[in-house]
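Okay, handing you the structure first.
Order of writing sets the chain letters: A, B and C. Residues in each chain are counted from 1.
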Amino acid sequence: MFELFGISSQALFGQLLIGLINGSFYALLSLGLAVIFGMLNIINFTHGAQYMLGAFTAYFLLQYAGLGYWWAIVLAPIAVGITGIIIERLFLQWLYKLDHLYGLLLTFGLALILEGTFRNFFGSSGLPYSVPPALQGGQNLGFMFLPNYRAWVVVFSLAVCLTTWFVIERTKLGSYLRAATENPTLVRAFGINVPRMITLTYGFGVALAALAGVMAAPVYNVSPQMGANLIIVVFAVVVIGGMGSIMGAILTGFGLGLIEGLTKVFFPEASNTVIFIIMAIVLLIRPAGLFGRGA
Amino acid sequence: MKRLFSLTVAAIALGCGCAQAQYTDGSIKIGVMNDMSGTYSDLSGQGSVLAARMAVEDFGAAARGMKVEIVGADHQNKPDVGSNVVRTWIDVDKVDVIVDVPTSSVALAVNEIVRDKNKVFLVSGAAASDLTGAKCSPNTIHWTYDTWALANGTGKAIVKTGGDTWFFLTADYAFGHALERDTAAVVEKNGGKVVGRVRHPFPGTDFSSFLLQAQASKAKIIGLANAGADTINSIKQASEFGITQGGQNLAALLAFITDVHALGLQTAQGLIMTEAWYWDLNDSNREFAKKFAPQDKGIHPTMVHAGVYSAVTHYLKAVEALKSDADGKAVVAKMKEMPTDDKLFGKGVVRADGRKIHPMYLFEVKKPAESKAPWDYYKLRATIPADEAFRPLAEGGCPLVKS
Amino acid sequence: MQRVAETSKEIVLRAHSETIAFVAMVCLLIVAPFFAYPVFLMKALCFALFACAFNLLIGYAGLLSFGHALFFGWASYVSAHAAKVWGFPPELAILSGAVTAAVLGTIVGALAIRRQGIYFAMITLALAQMMYFFAVQAPFTHGEDGIQAVPRGKLFGFIDLADQTNMYITVLVIFLGCFLLIYRIINSPFGEVLKAIRENEPRAISLGYRSERYKLVAFVLSATFAGVAGATKALVFQLASLTDVDWPMSGEVILMTLVGGLGTLFGPVAGAFFMVTLENYLTTIGQWVFVVQGTIFVVCVLLFRRGIVGELAHLLRVKL
């Protein structure tokens, strides 16, 4: 096969595939953030902690209820989504009238509380969670060994992302949501229960984060800090994509995953910072973000 | 009669007073500082405080008329927090000796402060071999392990047992580089070959692309020059990519039994690492572990905990012999003069550069089927004798060593 | 319940509340080292300055920066490096740190000002995180170890800062000097325009003010003062480490300012002293640091938005 800058095409495709896998997590998480921001105008800093909660719920379900991965995929997002609804009712609803920054500060505080509490009870070494038996092993694709589980991650995330996009952009429910974002008072006048929609939207966004957490559990360490550093990268992804569109968030997530994968091949030391550098460049050229509408 | 009685009491009191040792503030205060809430809290944490307490009890301090207090603090793996705590401890709380301190950056900072204030620093948790090298101090003893011993132990022993081609996965920061450099040197010196290396950002989460490169290199051994969560993640993901099944072995250059516990045997099996102490090596260790574990949430003692026990025991012996804890340099000099002997490490010695000498052990993690009980994780692959385990005295560059 | 008439004495006192508070603060700080551990006080003073710098940006310009640790930490690194490797005397070391922070502030500000509100916060966070990763890898920072054993040196060539009293007085003078400078900035025409922009930016623009320019200047000033705080801290502790550039540090300064009182003059100082004291106490029960901090955030945002000094000012109906 061909060689590109000294890296064989085999290695290249292998790395691109891995980049796509990472991109799936970025896409899922930035999608959740975009949905929440679109509806509530709040940056959900707690997103990282809720991602962590999803992973831990999967762990608990396995440890204490003997329920495996397939149960966790369904139950964990629901459970964590419910906690999200509680958070919204208890804390967030008081902040809508205030400056947006208070929402950011509150969710930041909640993230600290969640992470701190889990750290106290579970230490920081992390907990084991294995790949479900049905997805173990892998395919030898010739240019790399692709673990089945990772392939599943890409496929399933794409499915979830596209379904979410479809619901929001192409269904009646989605149109209510989009209308309520633009003009809540008017939509209320039409008899639609806007506060309930807001609450459920937040719950849904949180559930997306938890779903990403469950999917991450077998591959990344299930630890209280797993969300903390990831969330900042996701913020950068969101800034690059622009908060305007759902499809934008999905495309940016996958795209940046690919770019990060490429960086790991050619310039590994920079792979932590490449997304931030891209963010800086995008800000210079197109401040609204690649898919954003207005500042 | 009453008068005689009170006179007698007075005489006895005076007599006791004369025989009494002069401890600063009337007591010996031991400060155990480590990570109590973060990534190293299981391998040190409250367990080290417990180990110190067990050492004081086993030494029988109370019976010997020594009042010993133990205080603990969390340095959160940050040099500034650690420095603050130690400064306050010494200036305000009159602490006499600082013990444990994992995380080399904190240990190095504490090393300077303790030297300035002439107290004693007994390092169990940290790895930096500089503590007995360029940064050595007459107030510091480096007890349990260091990067040189790990590099030498793991590197040399693995090459000798057939692992002669290496690929390094290194955390891209000073500690990772140092670990890689030291181990690579040892591998090449013993006839092995380094076929490739890749540096991953620190801290990292996804190592799949780097592991792919390691796999492609076909090296027999993949050396993990990283620590903590990075090591755990690399190992987990390596298992996912079938690296061990494919015939390559992972060598964790800095790992502890608590990491293996976090990974689970299914994932960690086959892993090779060097440690200074293991609870299941002999009866004396097992007995200690049996007493220790229930008091530390079931966590079996790590080499760091054992090091704390051993260091505190030896410190108390030295202080008792000197009858004083005021002059840090004098106490450390005494600790170097007296050979060490405790139920966990057996007989040993503290060198002029502050390095405690004892054998190191090369372990391989058991397969799940081979483990009979929780925490039964290791099988012994090799023992590195004490005189070979640590960097030779002359090579450290320590100013205390008269060449 | 409002009092109908106030005595002229009260009117005068109220008008000069800030001056009275300032004098009280100075007196307290002069007497404090006799009662409290000086190193602890110096730490609190450095963080108080850091919080005041941050407050300049959020309290008066209305910009929430989530990456202020960038300026604090990098100034700290440069100052430490200057003192240790280049052999600069302390005043030049601190100056180098401040200049570094100003330069970084200009670059980051120019990028971040392009967006508003929440985006601005996220951009500052992301850029700060990027600089954190640079700090991990750059050789001169020594990564995890940090720059250790930084010499305090002799101020102006003859005042030996190794002496605790001299160091304390120096830190106090630096703090008070910067505090007064910030006060002057806030109560100047520039400061008034800034407040106008915070209240209603479109209106300020329509009045002819180039709001982007004003925001950038405010940002650079805030960064510079944060840099002074960081550079001084490096000399006090003789250590510059990764903690100073990491995002939790950015979170801490926000918390300090929030607890003390956003937009008040003395709020950041009170908040800094409160948090530093709390953390001192918490090192013995280190497990709960994050939970406590998080809880304080939540409580402050929901119930205690004015902060300590803000509530006090509200109660006494004075300006603080």
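We adopt the following convention: a residue touches a chain if its C-beta (ideal position, glycine included) is under 8 Å from a C-beta of that chain, and two chains touch if they have at least 3 such contacts.
Since this is a predicted model, take the numbers as computed values, not measurements.
If each chain is drawn as a node and touching chains are joined, the picture has every node linked to every other. The chain pair with more C-beta contacts between its two chains, of A-C and B-C, is A-C.
Chain B and chain C have centres, each the mean of its CA atoms, that are 38 Å apart.
Centre to centre, using the average C-alpha position, chain A and chain C are separated by 33 Å. Annotation for chain A: residues 119-120, 269, 272-273 touch two or more other chains. Touching two or more other chains at once are residues 37, 172, 201 of chain B. Residue positions of chain C with contacts to 2 or more other chains are 133, 137, 287, 289.
In the complex of the two chains, the chain A residues touching chain C come out as 37, 43, 91, 94-95, 100-102, 104-106, 108-117, 119-120, 232-233, 235-236, 238-239, 243, 269, 272-273, 276-277, 279-280, 283-284, 287, 295. On chain A, the positions that touch chain B within their shared complex are 10-11, 14-15, 18-19, 21-22, 119-120, 123-128, 130-131, 137-138, 144-145, 147, 149-150, 218-221, 223, 225-226, 229-230, 261, 264-265, 268-273.
The touching residues of chain C, counted against chain B in their complex, run 37, 39-40, 43, 133, 136-137, 142-146, 148-149, 237-239, 241, 243-244, 280, 283-284, 286-287, 289.
Looking at the complex, you find that chain B touches chain A at residues 37-42, 172, 198-201, 203-206, 208-210, 212-213, 215-216, 229, 232-233, 236-237, 240-242, 258-259, 261-264, 266-267. Against chain A, in their complex, chain C makes its touches with residues 58, 64, 66, 111-112, 114-119, 121-123, 125-127, 129-130, 133-134, 137, 247, 251, 254, 258, 287-298, 300-302, 305.
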